[in-house]
Every structure is written in C-alpha cells, then in structure tokens.
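The following pair of complexes shares a single chain, chain A, combined with chain B in the former and chain C in the latter.
What follows is the complex of A and B.
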C-alpha cells in the first residue's frame, strides 16, 4: 500500500488533471507526504524523533515574540547578572537583559542564517558540480582548481577572512558560510553527474537532439536530488556551528541582536564567566546541531542506502 | 616515491601562491581603515588627520605603493623569513608567530594524540561488537561530541574549574623549557577539548571502516583456518581499516585547526588563535594576512604528509604517477 503511493506509481496521465485542478494537486501531494513521513517514522524512529525536535526548534524561532516573556534587547540595570530565578528562568546578562528571551530570539538568527547560507552554498555548489561533471573540459578544470584553493584553507578560517572582507552583517555571514559549503557539494554532485552521464538514457536523450542544457536540467539534475537533500541536511549542522563560531569571535551579526555564538562571546569576555551565561546558549546550539545531524543521518540511510554507515 | 613527493610539492606551491594572492586582495578591499590599528585612536579622530599626514603615515606603512609592489614586498619578505611588522604594536610578526605558534603546535600534537588514543579503540570495539551496549554507548557519545561546539565545551570546563577547583586562566606565555609543568597545564585544556571532538570523528570513521573490512572474504578465510580472533583483528582487519581513517584525516585536520582557534580563545591561551582574533578586532591587516598564510601552509603540508602515509599503507596505490 505504502509503496504504491510513495513510489513506482505507474504513469496514468494524471498530470493533465493536476494542471487543471489545483485542489487535486494539493490533496495528492499531501497524501504523498503523509505516507512518506509515516514510512520514514517506521523505518527510522530515532531520526523521526529528531525531525520532530528540529520542527519544534524552527517553530520556536518563528514564534519567538509570542514565547519570549521579556523584550530580548531591553536592558534592566537594576537586575544585572542575576542567577536564574522565577521571573528570569535563564538569569540575566551583563546589561540585565532576560537571557531566556535572548536565547529564544537567538534561534531566529542561527536558523535563518543556517538555512539561507546552506541553500545558497549547496545550490551554487550543485550547479558547479553538475556543469563540471557533464561538460568536463576547461570549465571543469578551472572550477576544480578554484575549489581546491578554497579547500586549502580550513573552513572556519575561510569564513573569517570572507566576513572580514565584506564587513560584518547578516549577508556577509551568509555568503561566507555559503562559500565554505561549495567544495563538498560540487565534488559529490560532480562525481554523481559523471556516472549518470554514462547511462543509456542520457545517450538516447542526446541522440534525439536534446541540447546539453536540457539534458542537464531535465535528465541529470532530477537524478541528483537524493544526494542533494542529503548534503543539504548534513550541512545545516556545520553551518550552525560555523555561525556560532563567527559570533563567538565577534564577527557575526552586530549587537544588540541576540545570537547564540555572540552571547557566548560576550560571556567569555568577562574574566570570570557566569555559569548560566555560558550554559544555555551552548545547550541550544548542541541541541539544534544534534537534531539536524541525526535527522540527516536517517534521511541519508533512507535516500541513499549505499552510503549507510559512512560519514 | 621521491618523484611523487616532488610532484606534490610542486603542486602545493601554486596553491599556496593563489591562497596568498586571495588573502592579499581581500585584505586590501576591507572596509576598515588600516590607520585605526596603527594609531589606536577613535575613528572620528582619524578623520581629523590632514591629507598630507595620512599620506605620510600610509607611506611609512608601505601602503601607498601600487598593489603589485606591496605584494612583491610582502612575498619577498615572507620568503626570507621576515613577515613585516604588526601594525598594532610594531613587533616583528615572524617573532610573534614563532613564539605563539609553538603553543598552538603543542596543542595540535597533543590533541591528535588524544584523538587517536580515544577514537581508534572506541571505533574498533564498536565495530567488533555491533549493536552491543558498548556500541550504542560509543555511538551516542560520538554523535553528541560531533554536535558540541568546541569553544562551548571549553568555556564549560573553564567555568567549572573556576567555580570548583580554583582554576585561574593563564596570562603569560610560558615556554616548555622554562617550566614544563606549567606549560603543560596551559596546553592540556585546549588539547583535550579539540582532541575529544576529533576522537568522536575518528571513532565514527574507524567503526564504519572496521565494520566494512570485517565483512570481507579474507577475514572469513583467516577465521576459517583457525586464527585467533585477536590476531584476525590486529593483523588482518585493522591495517586495512586504518587506510580509510587516514584518508579522512585531512577533513579532521581542517576541523581541528578551525576548532582550535575558538577553543584557544575560550581557554585564554595566548596561541595563534588568540593572536588571530586580536588582529581581526584591531584590523591588523598584515598580521591576519600572514597568519592565514601560515595556517594554509601548515594545512597543505600536513595534507601532503597524509597522502604520503596513505600511499605507504596501501601498496595498491601507485605513487609514481
């Protein structure tokens, strides 16, 4: 039953109907998603649990203004560095700002930057990989050398230099993290494209006169979607860690905006850091990275059985 | 073999050259004013400097010349072992990097040792008895440490140390030949944090590599001819699994070198990471430029060493081509 709905669906010419009625389209995809998720939860219950945690964290970030009990950036000089208590359950920081509210708002920055930078980085990396793998020749040679230079510098250092060159700010951080995602994505998709290129259906597409661009978009790209999704989820955790490190170094989003890395950086500046100022933001970073990584692991096992157990 | 090393070294040089070029250009298009760090005064006071004074200062720093010339001067210096002077304090950058780099190098070596000592056995045990309690325990710990930001773990240790053990952050850089014990105290914290993170990485790869090797036919043959289980593991399985572990050591290196920057800062250890962050805040161009070059150089060199070891471990890989 499940298999019939999620995959191997025989072509029935339904596409015409779908185009004419958007309601059928939504309904069909809903059932598809429902069965897909259910199958995933059955096969990988642990990963499904962490998917739920990821969704929870995303919802928390979106509804931050509703959840946060206090204004995240409002100083309260009468309550500076108070330990966690009933009104400030995570305590307050050096300006008396409520740490719980700041932590919740910090999720917004972390998740937004992680998603946009990974989307940007993996998309460009993927295009470079497919182009390089399919076209080969000079383009492939030049893009591979370029990526090798990027890989010659440790990821965090590369991000640091890029943020420095663009000046601090959200877009600088996003672009910097995106660039660090380029080499892995393009390498994986390049290798995959090169093996897809040798298959017969690519030959037949070319023999009936399809242009290289059409072959790449219509025939190659859809085959790489599984790998792409796997790389995307695997990159989210790394992106959050990089963003936190940049914030910790004072290269992230400018204060007073709350970011997890920035909060840890502010806590570390004081000679004797207070335990609550250190504990809570880091806990959330770890939880988020853990959730994305473990969900990604399960997704990879389901989408790409060959890679099971590999990193 | 020698030919292979030579070829690899010849490839490494252009890569380093391009890296240096990129860093150089990025540092020139920076929005910050280099005079800020040189004069150490507020921005609005900088705007009060007359155009002539500004010109004179830039000339003193050698920053009025065309880029090509500046680059040539920098590279010429680097090749002679002179990296110029820090804008911040006017000290010789080579001397600072040599002094502080020693501390970072100690941390790196110790961290690698810790990572292998913990990671390899953990991965092997997990692979030998898959789905056992020990395997479950190792994989849980592994997954956990891969998600923990190193600098947070470091901060937690510092805070716990201050609260419960009367720990004091080191202020001065004590070289090992002056007081080996105090030097060790400085290095062990960052080395432990970086090492444990890397150990998680190694354990994970060792487990999957060992697991794969143990399914091979020759392992069954070895067992079938009555070889002791321990010998099957040590002689037949482990050396082959090691190849995969060494292959990904490059990734591990990037992870550790990047991680060490923030971990050093969390421990207030005056290594290269701390120097880099100070240079970033002060917009000390030349310092950042040189430090990045040093990091990239070490990174490329160690990756080369890894590739060479890889060839040594796996005779199937032809090193001559």
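What follows is the complex of A and C.
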C-alpha cells in the first residue's frame, strides 16, 4: 500500500519553499561557532573581553610548566622574602620560593578544582532539577526539601563542614564545593522543566510513544542547555572564591602545593604581611572571578531572550 | 458489534474524564460512547470546551495528570482495551497504532531538534530501525507529504519551515509507523484558509490510500461536511447527536446541531436568509444545570428537559439524537427544508 503512495507525484503546494542547498555537517558546525562568537563579540564587547581574559587564564594554567621561570616548590633560603626584582618578578615568599611561578601554578589548582566541582555540582543539580520538574510527585517533594536544607546553610560554612567531615584533600574540596552548587542549579532547571513540560511538543513527543526518560533526555534537557551554561560560568567565580577561602583557612589542598588561597593564608601569618605576597594571589583571584562572572553575565543576556534589552 | 455486523476498529464505551481543581469536578467528558470503522473518517464537532480534545487525549491516555483523570469507561482498539494497558503497553500504541496531530503546528515540533531527528524518533522507538534506514524512511515520508528535496530538508529546524510545512511534517510523523488511526485535533485551525484546504486534502488522500481511519476534531462544520463519513456532535462533555454526515446536515435531529448549522453561512441556503446565533453561552462544566445541559439555551425546551437528561435515542438508520423533543424539531425542520 505504501508503495502506491510514494509512486505518486509528490504534492507540491504553495507553502513549499524552494529547497535549501545541502551542507556538510562539519561546515555547518564550524560556521555556527564562528558566527556565534562573532555575534557575541558584537553584541557584548565587554563580555567578549572578559571571555578573552578567561581563556588567557585557562591557557596560562595549562601551560604553567612552560611559562614558570622557577620550580614553584623549590625553597631558596638565600633569597627569603625578597621584593619583586628581575629574577623574581613577583618576589619570593618566606621559604624563598619564586612567587610568580607559584602564582601561575596556583591557577592550575584553582581552575581545576573550580571546573571539576562546578561540573559535578551543576550536573547532579541539573539532573535532580529535570527529574523533579518533569516527574513531580514524591521524588520532587523529597529532593527539593533536601536541597532546601542545603540552601539554609551558607555556602562557605557548608563547604567547611563537609571538608572537615571528609578530611582535607583535593577530592574533599571538590565534593564540598560541588554540594554548594546543587540547590541553585536544580531550582533553575526544575522551574524551566516545569514550563517546558507544558509545551505542545512535549505532548506530541508523548503522543508518539516516547517514555518519560526519553522525553527528558531528548526533548527537555536540550532546552535547558542555555540556562545550564549560564549557571555553569556564573558558578565558576563562586567556586574559585570558595576554594580560595578554604585554602586561606588551611582546609584546602595540603602544602607545599601552590594555591592562591593557601598563599594568602601563608602571607597572613605575619603581623604585617609583605605587600607582594598579598597583592599577586589576591589580584589573580579577583581577576579570575571577575572574568568568569562578567563573561557569564554577557552570556546570560545573549542566551536568554527574556533578559535581553534589560538593564 | 456494529450495525452492519463488523467489529469496529475503535470503540469508546462510556468514557468519563474529569478535571479536579479548587474542590470542583469539571466533567470534561461525560459518558461518551462511539465507534469508528477501519478506513472511516469521523468528525467530532462542537464549541470550544465541549470535551472534543479531552476525548482524543483520553483515547491515548495523555490527559494531563494529576489534575485530569479518566474516571471510567473502555477504549477498545482492535480488541485491546487501551485504558487497562500498563504504561509500557499504551506507549507502544501511541505513535505506532494511533498517530496524533495537534492544533498548533508552530509549537508541536521541538524547536531545538532538526525535523529529521524528530521524524526518525518514532521509527526508532517503535520499529527499532537503524539510523541509516530511519533516515531513508524519513526522507520518503517527507516526500510523501509533499516536501520536495526531502533529504536535505531533514537537516532543517522547525523555524526554517512555514506553518503549512510544519503541519506536513506532523502528518509525516503521525503516518510514519503505518498507524490504524490518526487523530487530527484541530489540525488546520491555526493555518490560513488556502493552506487548510491543502493540508486537509493531503490528510484525506493519504489516509484514504493507506486505509487509515481518521478522526477529525474541529469546530469547523465546513471541514466536517467535506471530509467526514460520520459526525458526532458534542456539547458540554456529551455526544448530543450522531449520524452520517448527510443525516447530520440534511436532517439534524438535535436543537444544538440545528443551531450550529444555522450559525454558519451556507451556499445551499436561500439568498438573503439571516444567520442565527445560539443565545447564551456554554454552561460551567463544574455546575451543570439539571437535566439536559443544553436546556438553558434551547428554544425547544419543555419541562421534561429540566427533570431528565435525554439519552441518545435512535432517530434513523444510523442516526441518534439526545433530545426529548426531536419529533417536534423534525416536523418543523421538514417544513423549512428548501426543496
């Protein structure tokens, strides 16, 4: 029966537009990215600048061993606490270690922890949000109450409690920061899922026999990507701050590994800290947080049509 | 068993679906029964809010939960009661045995997925096709619904298509697994008139060629007159009159049907005759009047209508009406029929 139909001349009505030319997959995606970035730079030049700074910081962290002029953890007891000079442009610390090298290596720890913890936290939070928003009922009730308990405790305090209970170390810090990211992500994606759930294409997906899991993965999740990216970038700044705070309090990565927070903590031991020991790590923390936050802001404006044009 | 002894493809018996909210029960579908034969086209007409769409959603068990609930009844499709199937069972029916086309072509396709992806989804779910085979089939389907250069159009996203084209894609999706029944819920209402005609023509031709039964839900009597074999007229959650399209149009036996027909301009009416509107408005489904729900607006109402709700009673070969006063109506209609 089917053949009989397909043998017929295809029905061409007035509403059929002229066919577009075929393009290859790679070309489509490359141009998509190129035009996306170009458009972003045009619309939000300031955010694009901070995107460039973020990329620069990430590249700096990745290539730390190539850039750093000295071993970050190698003491030089003949040059303790020297002011910035030709050989040590950021000066040296109380063990004579090169502060510039330590700052660059510190970026590795900060960014690595920030990215992994935020990825972990927002991913789990997002899954909880989509599940809760789509399924509703008991699962939603229980997961949201659990997240509200987390929300009630200030983020840094929560992170301190978690690190203390798990014992210091990179994985403890990552998990602690990830947990602080759960409530926001799940709340936002849950709200978004609840509104997507009411749209007709979800009805039509269900009407072709798609299972709830399939609807969530194929139809709901892709719609929340924009919000997810925005939350992800905005969370990076907070995560870096939390990681630095934990390091400052001595709860972060164990010494002698260089971390920005840890360096600030070591500097603060003295009654009157030397200026370069506070300025450079502090400057990099500020720069990184600012870069991720302002880039995230611009991204939100571009990705969220409702926020567009608002002050 | 149907009147002519064959088993119907779809048989809905005493279907009841209600919505609950603010302590009220809204009886959207109240004791609805009808049947549909293989290859037949059924029109379900009525005003907005009379339960047409909820009837369709109930058949597929897509009534939004937890507010909406199917309270009772049976929906037999080819010997299987859809209402008693487990969740996996009804999912296997959706899309493969019953295809559904929704009202808004602008919003019924997922904006972030290419139409190829959405076309192949049904094939993947029900036929377990490989990506490559599904893609070929999807192109074939697009071609079938009259979208040229199908292979490259598969990469397009819904916003690159016009309203008519999107509805063609929806038809292709609905037809993709060779279903026994297609439900078109106001499928052309959002389109402009010329495109409406094209889409309906396409739908009618394809279902005819493939032997698929078609259920057209609409408030447009013209659409029903042109395409339906049988017509059910719904009002306030109940079927008030059912019959062949000819019976409904030529010899309506329910005051509501008469009112609907009088309110539409027709070429087969004498020139200069006035269009009449139905007085009053649809009753609140949460607080229905006693007896017949149409009584407050009905010009034929008698005391009995307030006391007893009239059941669907046979008034012709395949024609039934839920009205106590249909003989009086028939008499009057007989006098006014233009000969």
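Note that in this section the second predicted complex is superposed on the first by the 279 of 311 C-alpha atoms of A that agree within 3 Å, B and C clash if a C-alpha of one lies under 4 Å from a C-alpha of the other, contacts with A are read in each partner's own complex, and residues count from 1 in each chain.
Going forward, a contact is a pair of C-beta atoms (placed from the backbone, for glycine too) under 8 Å apart; a residue touches a chain by one contact, two chains touch by 3 or more.
No experiment lies behind these values; they were computed from the predicted model shown.
Enquirer: Is A:294 touching the first partner chain B, the second partner chain C, both, or neither of them?
Expert: In the superposed model, A:294 contacts chain B only, not chain C.
Enquirer: Scan A:251 for contacts with chain B and chain C and give back first, second, both or neither.
Expert: The first partner, chain B, only.
Enquirer: Could you look at A:42 and tell me whether it touches chain B, chain C, both or neither (first, second, both, neither)?
Expert: In the superposition, A:42 touches no partner, neither chain B nor chain C.
Enquirer: Output check: A:149 vs chain B and chain C. Expected answer is one of first, second, both, neither. What do you get?
Expert: first
Enquirer: Return first, second, both or neither, reflecting whether A:241 touches chain B, chain C, both chains, or no partner chain.
Expert: Touch partner of A:241: chain B, not chain C.
Enquirer: Per the contact definition in the header, classify A:160: touching chain B only (first), chain C only (second), both, or neither.
Expert: A:160: touches chain B, not chain C.
Enquirer: Scan A:223 for contacts with chain B and chain C and give back first, second, both or neither.
Expert: So A:223 only meets chain C here.
Enquirer: In the superposed view, which residues of chain A touch chain B and also chain C?
Expert: none
Enquirer: Please name which positions on chain A make contact with chain C in the complex.
Expert: Answer in residue numbers: 1-2, 4-6, 10-17, 19-23, 28, 136, 199-201, 203-211, 214, 218-219, 222-223.
Enquirer: Touching residues of chain B toward chain A in the complex: what are they?
Expert: Within the complex, chain B contacts chain A at residues 15-16, 18-19, 22-23, 26-27, 29-32, 143-144, 146-149, 151-153, 155-156, 158-159, 162-163, 169, 204-205, 207-208, 211-212, 248, 253-255, 257-259, 261-262, 265-266, 276-277, 280-281, 288, 292, 295-296, 299-300.
Enquirer: Using the touch rule from the top, collect the residues of chain A that touch chain B in their complex.
Expert: Those residues of chain A that touch chain B are 148-149, 152-157, 160-162, 164-165, 167, 237, 241, 244-245, 248-251, 261, 264, 267-268, 271-275, 278-279, 281-282, 285-286, 289-290, 293-294, 309-311.
Enquirer: Could you pull out which chain C residues touch chain A in their complex?
Expert: Residue positions touching the partner: 60, 62, 66, 88, 91-96, 99-100, 102-104, 107-113, 121-122, 125-126, 140, 143-149, 151-153, 155-156, 160-165, 170, 173, 178, 194-195, 198, 202, 205-206, 209-211.
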